[in-house]
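In what follows, chain A forms one complex with chain B and a second complex with chain C.
So, the complex of A and B:
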């Protein structure tokens, strides 16, 4: 798995992930909760997400090359980290499962394809699986190819439908009070926090100038696009919006002004569907990574097995469980959503602190800076026999080969690591005793 | 094994074209051995017989070398293995009395095709030279264009039985050292009896396991190879093949044509490239979309167009998917037959196939006119990128089946799968879809939208970044 990703790719992915999947049943669902003011609920949720995103970006800036599992293991203990990853895995899987069920509804109802869940999901999972196993870099490149077409499709649907929209349907604003808006936001919160996928890219993304502003800008752009489409949807359908599923297909249907033109807007809908596939790839990649962290899997075969298990869940679960009802009743309107708040909001908000603590705990940088050979990066990589680089700590002792080939004692490198934190008299005496006994030997 | 004339002659005793002449100069016996079929008699006279007979002292290896040195390429061989290798390569061996060494003189008289315009890559304007089957001529054609000390050639011999000479050419400082090393290493590792064409080497250099996508460039024109070398690529010239391989290879190279640089303005070159891209999409997807629309999404078609199609397909005995597959199959059969027929007969075949067969099938009510039209349009599109015709044919078939079974969603998923696979491909560290995915602005100036040559030169201080496997942030 190659998870290194470039800033440009991340920007494109951010827009696609924010907008992708939000035009299926979500606008109708939110209209059920908050009526004509559901677009305000959506905006509110995006604002909260933006705050969380800023914290995540801050954490990425603070991070010194560590991955999420290293940070969480350092700070929340291995057990705590595994629990968090388990919640993340369930969150991502349920989000994509719900999204794909909606997508199948769209295909069945609007695109006139007679299919069933297995026939629909198996080809989808093959495409997703190939990318998941290739890693985040593949998704980033995929986004670079498809972004232009998806973006044009959404814009065309939006602006072609815009002229038919009756914006008076949105008024009066907040007529039922802000409580309804807040309740709408609370009930729909499960379908937001898309930017949490970023936490899984910690240590893999290259940050440079204006990184935070560019990523936040992409988020805001995606959010504006989504809210605008929701506004057009609500304006077109008014009070009937809550009964409409597959919002994008409904909106694009208004382009059909004359029977002499075919439903060419379906082409745009189909192209837009590729954003759902990209989002599914990214989220299922994150789910695979979560499970791999839980079971400490690092091999390609291991990732394939994990993805295979996820596929099995995708194929079987909707057949044996009324999944849509479960998500609506237990998560959206029930207590389930609070369970996911820990990974949707709590971890992103705490991540800068956790990253800071993790950096402080292991100090991988100081290890490199204070090595006696002055070729520290190379020294760490070439340490023979004794050195390991698990959490940026070096354990044991052995020969450290530097670039110039001069061997030095690994313990000198080690002395700046975790063990060196023990600067008490006892530890110094202990080290001195060890040196003496080693010399004697 | 030490040199022994008798042993050598015994090894080649069954060679009926072996000629053995004995000369006596100053009382010393010289044996001149060569292959009649491989050597030119005038060269033997000029570079072997005359210099030896003009010697004014007892002939020794050193004396001969002095006399022949300027006449022809010659070297001293001191073991049977080397002597056999040089002998089979068309060299004349001179054995000396009381000396265990021999002199191999290049008297090769093999006929090669002249340097001419390659039939597969013609240009409206621009250089018309093409490679031939001689590796030396091909390297000369490159060296003629790249008069710099940085132009390097590394020779490797491959093939246990053919001993084919493979020359790896690159420009030092422009080509990535690691890439050159990897390519040379890979060629050295090739273990096979015979290398008869550069495609044999290409198969070993292509990292794509499926071998569906071409990750090794194949070029017949020295000016194009020179331009690739200037971009930092590596060229592999194989003896016996007029096709020179270039590495690393990217998809965008398929869309570029020499005409874009010599004849077209940047604007027309851009339009030509966009047209090639559209042709590729048409070739691969048009039959699939047509079948999907007819089977699942007929509402997408404008009503007048829909009525035309309905009236055309009425009475056709095949379902839409099968009908399209039949059209594609017919087209592929015609194409395959046409490629192997003599040129004059091929023209007649095209007329018979396209007009008579197609028209008769429509008239007989076996196939509908729109299906034939879509099949023909797709077939023409296949040739917009001639190097990928077979790949596009295969993809077209797969997409048509997907479109006919799960509609336009199948086409979308198929596209995503192909693109996912293609973006994952890398050729010696260079992403196959560079400079689009990953994006590299300086290289994008010669991707789909072509910028003027002076801007390109300014953007690329050295070689193309994508060739060096560098991505943008």
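So, the complex of A and C:
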């Protein structure tokens, strides 16, 4: 799997993942709990998510090329790490399962396609699987291709509905007390914390100075877009919002009342649905990674087997279990949600500390402090004896060189960079030449 | 060694074929999971008429029927399908059963309720449509005099599809005439808000306004026009009364949306400074309602600003705001006269609202939005709050 992902791709993914899938049954569900104030509950959850995201970004900044499984294994013991990954896997699978069941409802009601679960999910799983096995980089590319179209269709749905919306339907604000708003947020919390996928990209993302601001900005933009859509939905449907099963079908169906124009809204719905597919790919990739960490799987074949097992669960579980009722009653309104709090909120909030402790644990092998360079003790990040991982990162340790070409006194260091790890004959010769000149000096 | 390699390549080859076979099998399996839904098996419904007679619902569906015109080209016409049942869903199912065509309601743009539906709780009947994701919530809903089926059996001189004709009269040209429309979602939602009241336009078929010479053109349907200038009021889903034409005009005058109306002023000076009956139209309107609780009593102040123009062929309320300011065309006498007429119309609508105890001005909704639960408690203690409400009307005529 190629999991290295560009910053631009990550930004687009963040916007799509935050907004994608949140316009199916969620607005109606939240309206059931918090009525016309459900948009405040949604905002509250986004604020909490933003705080968690800031902690994750902090951890990414502190991280020295380690992946999540290494950090958790270093700090929470291998068993602890495996438990966390098991919860993550269940969380991602249930999120996507619930989302795809809602998507099927939307497709059936808006496109008048009469089909069953298997005929709907199998083609979806094939598309998702192909992308999952290609790795996170592929999802990033998909986000780049589809973002513009999805964004335009969301805007069109928003603006077409805007003229019919009666925003006074949101008044009076918090009339039934903040407790109702908080309860609404608590019961819908399972459908949030989308940014946790970022923790699985630790060690695969290249960061720069503005990385944190850009990612947080993308999150805020996606959150604003989602809250705006929810506000338009509540303004349009007022007291009836709580009875809706699919907000998107309702809002888009509302737009064009004159039958002489046909159902142009269906085109927007179909385009918008691709954001759910992108989100499914990303979350199922994260689920596959979680399970691969549990069973220590590193080969492509292994990933394919894990994904196959997940597919089986996707096909069979909704047929033998009342999954929607389970998610609604046990997770959203029951105690199940507290079980997932550990991966939704606790791990992201603790991640900077865990990363710090993990870094500390491997400090003797640290790059900066062992090198005795004249300038900043900054090493050339290519060493003798260092092996290259599949994702292009350098693993292990070897002799290090200073940036200015001078040899370092230190003998061991660990690398987290990639600039000198380029393949190809030319780069290898260049590295060799550098090494020779450094030795001569 | 070579033998082994040969065996391996043969196995690989078979594996390839097996994989292709598996793919084809899976594709067949998936496709068989989709239920065939041919266009020819469907009846695309443009409008629905619902009647209730002798404890049975009768649904009349106007469906598209492609056919050939006499000139050789294709022509889209509409046909009627009728179904009966104990409930509306059963009546629609009956259409499927008796015609063999599946009524496709995704394109429906109009619902017409017959007079018999006045006995029904419309919240319950219409919830079948409003809670369905495939049905458009913005469809125009109206009620008619007599049965909906009879209206569907008529046709207008310009539009042979009744659903389009009524949609265009009630909904689309509503801003340029003095008729008002309501749509499905708004009707149901308003019944569930503190005012518990909403309205539906009343459709009356007028045969007399079509010249005799035109009537021969339509062979099966009766030719006529439709008068939609009155509204029916519903409280808690039940019919409570019909506003007269003037009361309806007064109600529309206070509606925040743009609407058009015209007035006749006697003994006014026309364009040629000759006195006589002249027609004045509304060029633009800005209406609103202020609600307050004063001394423990609700007070409501209706205010509207109206821009008037003498009626000419190019007077259209919609575009006047974008035109350059024209010199004052109406005299003080005309303004005062129109002001008086508007006040009378609005007062008539207010009086009717108090008389039938139906809050179609949505005073309780606005009070709730302003005062929250305080108003809810007041409304609970004073269900006859309309009797206690103090109304005032302010009309401003602007240039």
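Criterion: the second predicted complex is superposed on the first by the 363 of 441 C-alpha atoms of A that agree within 3 Å, B and C clash if a C-alpha of one lies under 4 Å from a C-alpha of the other, contacts with A are read in each partner's own complex, and residues count from 1 in each chain.
FYI, a contact is a pair of C-beta atoms (placed from the backbone, for glycine too) under 8 Å apart; a residue touches a chain by one contact, two chains touch by 3 or more.
Just so you know, these numbers come straight off a predicted model, no measurement behind them.
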Report for A:324: first if it touches chain B alone, second if chain C alone, otherwise both or neither.
neither
So, does A:115 touch the first partner chain B, the second partner chain C, both, or neither?
both
Figure out whether A:105 sits in contact with chain B (first) or chain C (second), or with both, or with neither.
second
A:250 in the overlay: touching chain B, chain C, both, or neither? Say first, second, both or neither.
second
Quick check for you: in the superposed arrangement, does A:123 touch first (chain B), second (chain C), both or neither?
both
Chain C-contacting residues of chain A that also contact chain B:
112-113, 115, 119-120, 123, 259-260, 262-263
Please give the residue numbers of chain A that touch chain C in the complex, ascending.
105-106, 109-110, 112-116, 118-120, 122-123, 164, 168, 171-172, 175-176, 236-240, 243-246, 249-250, 253-260, 262-263
Using the touch definition up top, name the residues of chain B that touch chain A in the complex.
296-297, 299-306, 406-410, 412-413, 415-417, 419-421, 423-424, 431, 433, 436-439, 471-473
Chain B-facing residues of chain A, complex:
6-9, 107, 111-113, 115, 119-120, 123-124, 126-127, 130-131, 134, 138, 140-142, 144-146, 206, 208, 259-264, 266-267, 270-271, 273-274, 277
List the residues on chain C that touch chain A in their complex, please.
26, 29-35, 37, 46, 104, 106-109, 130-140, 163-164, 167, 171-172, 183, 185, 188-189, 192-193, 366, 368-373
